[in-house]
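In structure tokens below, several structures.
Both complexes below contain subunit A, partnered by subunit B and then by subunit C.
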Partner chain A sequence: MISKNKIKQKGQIYLMLSPNLILFFTLSVYPIIWVIRFMFYQYGGPGTGEPIFIGLDNFRRIFTKDPIFWKSVINTLVYAGGKILLVLPLAFFAAMMLTKKNLKGVGAFRAILFMPTILSSAVMALVFYLLFNAYNGEINKYLMTLNIIDQPINWLSAKNAMKVIVITSVWGGIGNYMIYFIAGLQGISNEVYESADIEGANFTQKLFCITIPMLGPVLKMIMMIAIVTAFQDMSSIMVMTEGGPINSTMVMFLYAYQFFFPISPGSLVSTQFGYGASVSFVSACIVGIITIAFLRFSRKLDEIY
Partner chain B sequence: MERFYMEKAFVTILKVLSWLLLISLFVFTLYPVIYTLLGSLKTNAELTLGKSILPEDPQWVNYIKAFKDANFFQYGLNSLIVSSATMAIAVLTSSLSGYVLARYKFAGKKLMLSTYQAMMFVTIGPVALYPIMNMLSKIGMEKSMLSLILVLTGGQITNVFLVMGFVQRLPRELDEAATIDGCSIFRVYGQIILPLTKPILGVVALFTFRNTWNDYITSLILTMSNRKLTTLTVAVVQLKYSVWAAAEWHIMLAGASLAIIPVLSVYIFTNKQFMSGLMEGAVKG
Partner chain C sequence: MKKVLSIILVLLLLTGFTACGQSDKASGNTTPSQSTSSGTSPSDAGENQTNLVIWTRDRADAVFMQPAIDEYNKTNADGIYLDYQMYTDNYEQALDMAYATNSGPDLVAISGYTDIFVKYVHQGQYVCIDDYMTAEQKERYSGLLAEGSNAIDGKFYYLPMCGSTGRLFYNVDIFERCGISEPPKTISEMTAAAKKITDTLKGEGIYGFAMNLKSPASALGRSLDFMVQRSGGPKQGFDFSTGTYDFEFYAPFIEEFREIFTTDIAFPGCESLDIDPLRTQFADGKIGMYISWSHADPGVYANQFPTDENWNIAQLPILDGAQEASQSIQPYKGFMITKRCEAPELAWKACVDLFYSDDFVKGYHEAGLGCTIVDDLKSKVEVPEILIGKEEGLLGDKDKFWPATPHELNDQAVIVEGNDQYQTFMELIFGKGDIDKSLQDLTNRYNSAYQKGIDSNIGNKIQIPNFDPANPQG
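What follows is the complex of A and B.
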């Protein structure tokens, strides 16, 4: 009798897990298996003939004959580096300012800084695209009214576009990381600061000897999230510059994407599914390597403290 | 004595500077949104040539144009249906999995947990949408709204872990007693776990709704073969590629406002839940 119940229970367990498991396998696992299979093929898509097995040729092409891919890797590093170096200090600063006990309306201030997080990055990228427009954009209008520049700056040129992309992503990212930092700061007990005050520690001493070391584990997690997210960002780039001009804002995953889908309705796609699969595989590996390297590095930091 | 005054002056300057920086952060954060909302009421000429941030004479006609000519009513409705359905399915499936993982032992549990954990760090980007689309068209579902909803729901690793963590922190006695009394797992889930996990399910619902409403790439690709399903976010961004884009900034901003106003109004009432939900994930995740 008991065993019968047990079997029934097992059945129910798997039944309850199944909706999520099915979604997980078809939407998360299956595409990866597909990519791993097709990265060994030359395949132009339906109607272009059967996929041809070509072994490691796609990888040979990536590592020896594809400067645009490597440019996109550099761009991704520049983008992620720029975003993280601006977002994290600003978010930390905002969190420090907005955890003060005696500050009235703290909730509303936090809510304002967190607001960009709830808005569509694609829609807001369109707005930033208009703001930074060379001829009619508000930014140039302000700079010219204030006599800072006499000629409109072409913000979305090959030289400047990446800066604008980073600014847009910083705008969208501060609130999120501010909340993570606030969560971390609230975890540090007040007594520590009180005893430091009694000892006569000043602000900088408290910051470097209490706040930052005690944030340790949270800080590690925040940086981890920041890295993984920044390497994946692409929808705002897609909307603002489509990776251009002349690939100056092309990032890895956008580069892989354009072998499958058009970046904008007008743009041409040369569907190369096999090659695209290997590009996305290599990109995924690069993100993986950087994540693991960061984890190793942060473990070293733990040992020092 | 002199040193004391210098230190005091230094601290004051630092305080003033940090407040200035904080205020500039507020301006930086608010400006693009205010520009969008106010700009949606300007004429195109005012937007491109005018200098004032306020509209001269509010052009409500922009919204009428967006609704009528650009078909935004339909797209808004699509967004609302798709986001609500995705939210419901996400809450249901992640809570089922999260509960079972938190409370029961079963063959393959370790494998499942470690696969989910590993997949949090594996990303191949939106390229994944190609095999998914391919599979959907093989079974003739590439044009259905259900496909869009299910793909947007996705594997939900984070949500499953959020619910799992929450259930693990509930006292076991609450549901164990019911199980011993002979309640089926389904009943324990429906009558005990669901009501108790409301706070975390609210977080899952809120974040799923936001992600779905705001999503661009997945929705773009899944609606390519059936334009009738186009969501608001996709429709707004596509205005950039319309032939009249240069002359239609006012319609673009009216569209952008339509896309952000619903989320903003929800946010006014739920910002605390949004922020505490994120903290929940940050501290315990």
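What follows is the complex of A and C.
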């Protein structure tokens, strides 16, 4: 017989959890069920007629007749790899510098580096679009003034656009990951460093033998967040290049998005909710496989100490 | 002191946060811009007035539209109050969300190259105005019927006040400096002229040709499509006489564009250039020529990006040796009554008394905001001031209504696998792939999608035997 007090206690817990649970089921679980249903249908969206059941036809199209999707997968891997390889070391370096004792203005520096995180990614992308403009962008102007180049570089060409996208996202992400690293670094006890100082360890030895190993669990969490976020990024790409030129910056989720909403007023991609659902599903599976692979290979980071 | 500084920093951060706005980074959605409406406000509507909300994308003609609407609101005897709201950015997305949530305006303005008609008319979002039109109106406007653009199954959904098509915009002084006496009439002349300008004036940062290829559909839809039609070719790849898609005709055009864009003739960065940045460079005298809409760009250089450059308008170049046919008119500037409107008769009355009235259409034309296509008004309108000396910018006898292609009639009827035609052209223009093989593959994919749509009873077979591109209405 459950006591009244226990019922009251559990009731209170569920009551407090209920807003979150309601939102979770309506905004996460229900859309997933919707996607899983419409993956097997040809459906143009509300008002375009009844959905037509086509079985695995959408998947046949993805795996045999859609080179653009697989190009978007490669682009996503390149983008995610480039972003993670640049943003994590830079964020770690910034965190290391901004956790030094007796550094004046550390709060201001942290705020400045964190500010890109709170900016709208669309606004950020627009500004970088103007900076990297081939004809009269500021980057080319400065490079030509300094005689580093004598001809303007076409930064947003099919060859270079991905590099610019990565630079933009790294600039926007450093502050965010820096905060995570600062939290991790502050969790390392000073006594360990003091012991190392007594033993005569230099900066490099402390970094590789104490700091990085002891950041293991935090580093694993940061890398997982970075991987999942990088794979889902699309808003800045949508504003800067719309996935072009010639699909050179088209990433998986932007490719799926355009089957639900037009990327730009000039876009003539027909709404294909069914096909978009199957593209989203396959993309999510790819991200899931990579995340699972990462979790397996990063087990060692949990065993550091 | 530290506390004060912290408070100031927090306030600065908050200001930066609110000033730059917020977007959902995970989903990539940005909220649509707020609408702007000036002039009289909804609160000015009296108790016995019927308030009708109009959404429009256009802001360039607000200087003309808003005073006319304000005057109508004050003087009309039907108790109608028009609330004119300008949604500039993400107009299509705002409509999408409104329709999905069964909300939205009473009237929707349609202008330019957009799919908001064909996409939503099959959803039943718009009221057919045929039932409200008198016999005289049907007779008068019969020439404006464009199946798939403003009508379905021969029934009107809106009356286009104006029409637009593609034109070549060129800088007269740049041409003269390079010894080019007149604008190019063929596509090879266009390439040669562009090359000459770039070779001669590249040192001054001036290039012969530019295109807003950030959005291939937008750029090529206003240029290549019309050039092909005018040369006697198909419309967006669809050959009406055979009733099939055939992109072979596009090959010589793609070759010329490929030469322009792969041999450093074109303005740098065209593949990521949007239309407004292109226009600013043209206004700045950095571009020899480009192709755009006849209704939009003259007004741009008068109001949006005023310029002292000596520029002019010419007909589009056609295929060398081709007989000049016709190019399609895109119906422009009309008002569709939505199914949410509770007083569709009054909405139609407001359209007839204001937007479709001769005075309004005449005034709109003469303000240089759009070229009227109502036959009996053409002889009564003056050339707009901004087009004096640039009369090629007006619609002429080679600009005609063409029938709608299968994908214009219903975009769900032709779902192409892989790249659509404009993405394919863009790849070819930038040197990727064999032109003939790619166009053959494009033809096969479009015909396969077209047949699939017919087999699924979503689309219909369209064929007009003996179709004449010079006389598309037959």
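We take it that the second predicted complex is superposed on the first by the 273 of 305 C-alpha atoms of A that agree within 3 Å, B and C clash if a C-alpha of one lies under 4 Å from a C-alpha of the other, contacts with A are read in each partner's own complex, and residues count from 1 in each chain.
Definition applied: a contact is a pair of C-beta atoms (placed from the backbone, for glycine too) under 8 Å apart; a residue touches a chain by one contact, two chains touch by 3 or more.
The structure presented is a predicted model; accordingly, all values stated were derived computationally and were not measured.
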With the two structures overlaid on subunit A, would subunit B and subunit C clash, or do they fit side by side? clash
Touching partner for A:Gln258 - first (subunit B), second (subunit C), both, neither: neither
Contacts for A:Asn58 in the overlay, against subunit B (first) and subunit C (second): which applies, first, second, both or neither? neither
First (subunit B), second (subunit C), both or neither touched by A:Tyr30: first
A:Ala111 in the overlay: touching subunit B, subunit C, both, or neither? Say first, second, both or neither. both
In the overlaid three-chain picture, which partner chain does A:Gly244 touch, first (subunit B) or second (subunit C), both, or neither? second
Touched partner set for A:Ser121, first subunit B, second subunit C, both or neither: both
By the touch definition at the top of the document, which applies to A:Ser72: first (subunit B), second (subunit C), both, or neither? neither
Per the contact definition in the header, classify A:Ser278: touching subunit B only (first), subunit C only (second), both, or neither. neither
Which partner does A:Ser235 contact after superposing on A: first (subunit B), second (subunit C), both, neither? both
Counting residues of subunit A touched by each of subunit B and subunit C, the higher count belongs to B
Identified clashing stretch of subunit C versus subunit B [37-45, 55-63 or 91-99]: 91-99
Dual-contact residues of subunit A, meaning touching subunit B and subunit C, are 107, 111, 115, 118-123, 129, 135, 232, 234-235, 238, 253, 257, 261, 264-266
Help me check something: in the complex, which residues belonging to subunit C touch subunit A? 6, 9, 13, 16-17, 20-30, 91-93, 96, 99-100, 113-115, 119-120, 122-125, 205, 213-219, 221, 267-269, 271-272, 277, 281, 286, 407, 411-412, 414-415, 417-420, 422-423, 426-427, 430, 432, 456, 458
Across the complex, what residues on subunit A touch subunit C? 42, 44, 46-49, 52, 61, 65-68, 107-108, 111, 115, 118-123, 129, 133-135, 152, 154-158, 161, 232-235, 238, 240-242, 244-247, 253-254, 257, 261-262, 264-272, 275
Mind pulling up the subunit B residues that touch subunit A in the complex? 11, 14, 18, 21-22, 25-26, 28-30, 32-33, 35-36, 47-49, 51, 92-94, 96-97, 99-101, 104, 106, 112, 115-116, 119, 121-132, 135, 150-151, 153-157, 160, 184-186, 189, 210, 213-217, 221, 233, 236-241, 249, 252-253, 256, 259-260, 263-264, 267, 271-272, 274-275, 278-279, 282-283, 285
Residues of subunit A defined as touching subunit B within the complex: 9-10, 12-14, 16-17, 19-21, 23-24, 26-32, 34-35, 90, 93-94, 97, 107, 109-131, 135-136, 138, 141, 145, 171, 174-176, 179-180, 182-184, 187, 203, 218, 221-222, 228, 231-232, 234-235, 238-239, 252-253, 256-257, 260-261, 264-266, 273, 276-277, 280-281, 283-284, 287-288, 291
